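Before anything else, here is the set of structures, which you'll find just below.
There are two complexes below, and they share chain A, which is joined by chain B in the first and by chain C in the second.
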Partner chain A sequence: MLQKLEKMDRRIIYLVVFLSLAIPLIWPIGLPISVGPETASLYKFIDSLPARTPVVISFDTSPGGYGELSSGAIALLNHLAKKDLRCIGMGFFDTGPSLMQSALANSLYKGKTYGTDYVNLGYVSGGENAISAVAKDIIAKFPKDFTGKSTSGIPVMQGITTMKDVSLIVTVSSGTPGVAEWIRQVGDPMKVPMATVLVAVNIPNMTPYLNAKQLYGMIPSMKGAAGYEALIGMKALGTSGMDAQSISHLAILFFVILGNVISYASRNKPGSAKGGGRQ
Partner chain B sequence: MKISTSVGVWIASLATLAIMSFVYKDNPFYRLVENLYVGVSAGHAIALGWGNIRDLGYTPMVKKGQWSLLIPIALGILLYTRYYKPVAWVSRIPIAFMMGIGTGLAISGTVGSQIVNQVKANFIALNTFSNFVIVLGTFGVLSYFFFLLEHKGPVGVVPRFGRYVMMVAFGAAFGSTVMGRMSLFIGRLQVILGDWLGVLGR
Partner chain C sequence: MILGFFFTYKPLAQASQTVQNWGVLVSAFALGMASVNLIRVHLRRISKGQELDWLYSGALLVALAGMAALGIAKGPSNKTYTFWFDALFTPGQATVYAMTGFYIASAAFRAFRIRNIESAILLISAAFVMLGNVSVGEALWKGFPTYGKWLMDVPNLAGQRGMMIGAGIGGIAGGLRVLLGIEKSYLGGSGS
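Right after this comes the complex of A and B.
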């Protein structure tokens, strides 16, 4: 039995994980969803903003990261649209603005007026240097929007010259430049409230910014998206994905425990050099 | 079950399946989509890069007379000298500019936001368990990287505690990574099962 398990084809693990994800997506269980304090604080902050307040959303992600961030980004856009806030989009990853177009098309902004209620300014190359330059003069660095139209005099940008003129900056972030660069160049020096929609891998690295109040809030991965959807009362992809998330975690926990048991048992077997870990 | 009639959804779903087929074994479908992805990404980046040069360099220079922009454009062109060996050294000049500006900007911001503000955030009242963990954990981890004294006997107690704190942090990072990878996979399954095949439960 132990030998069989030791030589188990790794594709069986893939299959079990696949099924643990696919089955709850097709037949949802409806497990309870909890809202984290970092997600609730972002919701409260946005909810307190008066209508027509400008908010910058920077899509600093690639398609690889967007699969994880899309539900959180769309939930956030829906909240901004519900509150009738001005949404100023941009990106410092070349693929960011294209992904923002997709997110806008799937959000409540679809029914609003482009140029008056929201805009996608596009992409500026240069990473952290570009963030710093854009912060000092937004329109100068985005003379044209993502669709190639001139940004001069568009209503959504009325009264906005620098990042100091916006009430919140949210970076939809999966890498560099991302949260740390935004905080270094804009959040801290210009005293602009910042938040993030973040990939799970980066949560431990970014939590110190929350504790230091350099971030007002965070929508971490699909879990945060599900919580945010619950707060705004619009259940969508984040909520439906959480059953699958929970069941797949159980499957992975099972395999981690099984792997450790096999490793421990084979280590204690006489003459065995297998099992990994400390010999 | 309602199968999509959108060409985009079909391409996205079949490309996803081709990429996922790698977990079974390497195959021509996987390699085709992999190369396609790299090619599309490179083409997209070049097109957007050219748009940046046109809108922020060429147009303001020619139409608004901002001739000072010739300097960064010339520096940018000099980067390509690295492909011709006799003058390859010239490419070090723009690289030095980029490094200098990048480092200057990053360091000036880092001191405030990643050192001073983070240290300030650790000056907290020790009135809750969480605050105790934050302060002791920070102290323990920092002491682990203090190599002036050998970590033996009583001197080794605090660094050992710091090591346990780091192990907990790495465990949390691993857990978060698993959550992230599962979220990515769920995102693709939502496209395949929902947008493409229409079998997603509500």
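Right after this comes the complex of A and C.
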């Protein structure tokens, strides 16, 4: 029995993990959602901004990370739209602006006016260097937006020349360039408040910036997205995704415990080469 | 560039910005160079015609040419371009990324074993952080998020800060070596 379990076909594990993800997504359990302090502080900051305040959202992610970030990014866009804030989008990953188009189409900005309430400026290559160059003169680096229209004189960019003219920068980040590069080149030197929507794997690396107040707030992965959805009163994929993540974490922990029980039992089995058993 | 970062003298700032603009242009050209290299590698594979390699390389080149032509001719916000990006590229890459979750579950079952005190601490910490980050953890016991957050804010933060400060000092030292001409490996030399 132990040997059978030890040599369990990996496809059984895949099936259990798949079911633990799929079932709660189809039939949400409705587990209670708690809001982390870093998510609440971002919500409060945005809520305190007056209408028409410009906010920069940079989509610094690829489709691989976007699956995890989409619910948080859409919840954030919904909050900005509800507060009637100007949304200035851009990306320093080549795929970022296309993902932003998709996020905007799924948010409340869909009902607003492009060019007046929001804009997608597109992509500039060059990573950290490009972030720094854009920060010093936004229009010069984005003479045309993502749709090919001229950006000079569009109402959403009124009064904005450099990043110093915006009230908040949020990077939807899953890699490099991302949070650290934005803080180094813009957040700290230009003293612009920064926040991020972040993949779970990067949370440990970015916690020092949060504790040092270099980041005003954070929407960490799906947990942050679920919390933000609760704060703005618009439950969506983040909330149901949290149920799926809960059950899949339990499934993985179950397999880890099972693996250790099997390992311990086989070590102490009489005649085992590993342990020899207790007499 | 360094002086431009620290001083607000206008000619210095302008010179720094000009160099920065060159950097943006060079990186844009680098993207083009990468495409040329990619095409050469895959054309070679097609010409060799080994097993199914020629098929995969052909598919890659057709996709590359098709998307580039669409993007250049009609822009990236064009409906057809958006359709292929949203319907093929996005789910494809997300699927590859999502599959790691399944591999991690299988690997954790086979390899995440308590063999000594260090691995026991690692496993218990991982369990607290995992359960502390999901709703079910809090529903099971209020302590999971509390202790999970402590693990992130204290031991993790201390380790991360140490690494960041170390990397920062290393970066300054590396920069000084380049500026003083001690480090020359970037010119194809053997260094100091």
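Following the convention adopted for this analysis, the second predicted complex is superposed on the first by the 267 of 279 C-alpha atoms of A that agree within 3 Å, B and C clash if a C-alpha of one lies under 4 Å from a C-alpha of the other, contacts with A are read in each partner's own complex, and residues count from 1 in each chain.
Just so we're on the same page, a contact is a pair of C-beta atoms (placed from the backbone, for glycine too) under 8 Å apart; a residue touches a chain by one contact, two chains touch by 3 or more.
Remember, it's a predicted structure, so these values are computed and weren't measured experimentally.
Visitor: Looking at the overlay, does A:203 come into contact with chain B only (first), chain C only (second), both, or neither?
Guide: The answer is both, since A:203 touches chain B and chain C.
Visitor: Which partner does A:187 reach: the first (chain B), the second (chain C), both, or neither?
Guide: After superposing on A, A:187 lies in contact with chain B but is clear of chain C.
Visitor: Is A:67 touching anything from chain B or chain C once the two structures are fitted on A? First, second, both or neither.
Guide: A:67: touches chain B and chain C.
Visitor: Considering only the touch criterion stated at the top, classify A:259 as touching first (chain B), second (chain C), both, or neither.
Guide: So A:259 only meets chain C here.
Visitor: Just to be sure I read the superposition right, which of the two partners does A:161 touch: chain B = first, chain C = second, or both, or neither?
Guide: neither
Visitor: Once the structures are superposed on A, label A:8 by its partner contacts, choosing first (chain B), second (chain C), both or neither.
Guide: In the superposed model, A:8 contacts chain C only, not chain B.
Visitor: Thinking of the overlay built on chain A, is A:136 touched by chain B (first), by chain C (second), by both, or by neither?
Guide: In the superposition, A:136 touches chain C alone.
Visitor: Look at A:33 in the shared chain and tell me whether it touches chain B only, chain C only, both, or neither; answer first, second, both or neither.
Guide: Second partner only, chain C.
Visitor: When the two structures are overlaid on chain A, which partner does A:176 contact: first (chain B), second (chain C), both, or neither?
Guide: After superposing on A, A:176 lies clear of both chain B and chain C.
Visitor: Let me check the overlay on chain A: which residues of chain A are in contact with chain B and also with chain C?
Guide: In chain A, residues 14, 21, 64, 67, 94-95, 98, 122, 124-125, 127, 129, 132, 141, 189, 200, 203-204, 208, 211, 221, 223, 245, 248-249, 252 are touched by chain B and also by chain C.
Visitor: For the complex, which residues does chain A have touching chain C?
Guide: Within the complex, chain A touches chain C at residues 8, 10, 13-14, 16-18, 21, 31-34, 62-67, 94-95, 97-99, 101-102, 122, 124-127, 129-130, 132-133, 136-137, 141, 146-148, 189, 200, 203-205, 207-208, 211, 221, 223, 226, 242-243, 245-253, 255-256, 258-260, 263-264.
Visitor: Can you tell me which positions in chain C touch chain A when the two form their complex?
Guide: Chain C reaches chain A through residues 5, 17, 20-21, 23-24, 26-28, 30-31, 75-77, 82, 85-86, 89-94, 96-98, 101-102, 104-106, 108-110, 112-114, 123, 127, 130-131, 133-139, 145, 152-153, 156-157, 160-161, 164.
Visitor: For the complex, which residues does chain B have touching chain A?
Guide: The touching residues are 23-24, 41, 44-45, 48-49, 51-52, 55-56, 59-60, 101-102, 105-106, 109-110, 112-114, 117-118, 120-121, 134, 169, 172-173, 176-180, 182-190, 193-194, 199-202.
Visitor: Write out the stretch or stretches of chain A touching chain B in their complex.
Guide: Against chain B, the touching part of chain A is residues 11, 14, 21-22, 25-28, 64, 67-68, 70-71, 94-95, 98, 122-125, 127-129, 132, 141, 143-144, 180, 183-185, 187-189, 199-204, 208, 211-214, 221-223, 237, 240-241, 244-245, 248-249, 252.
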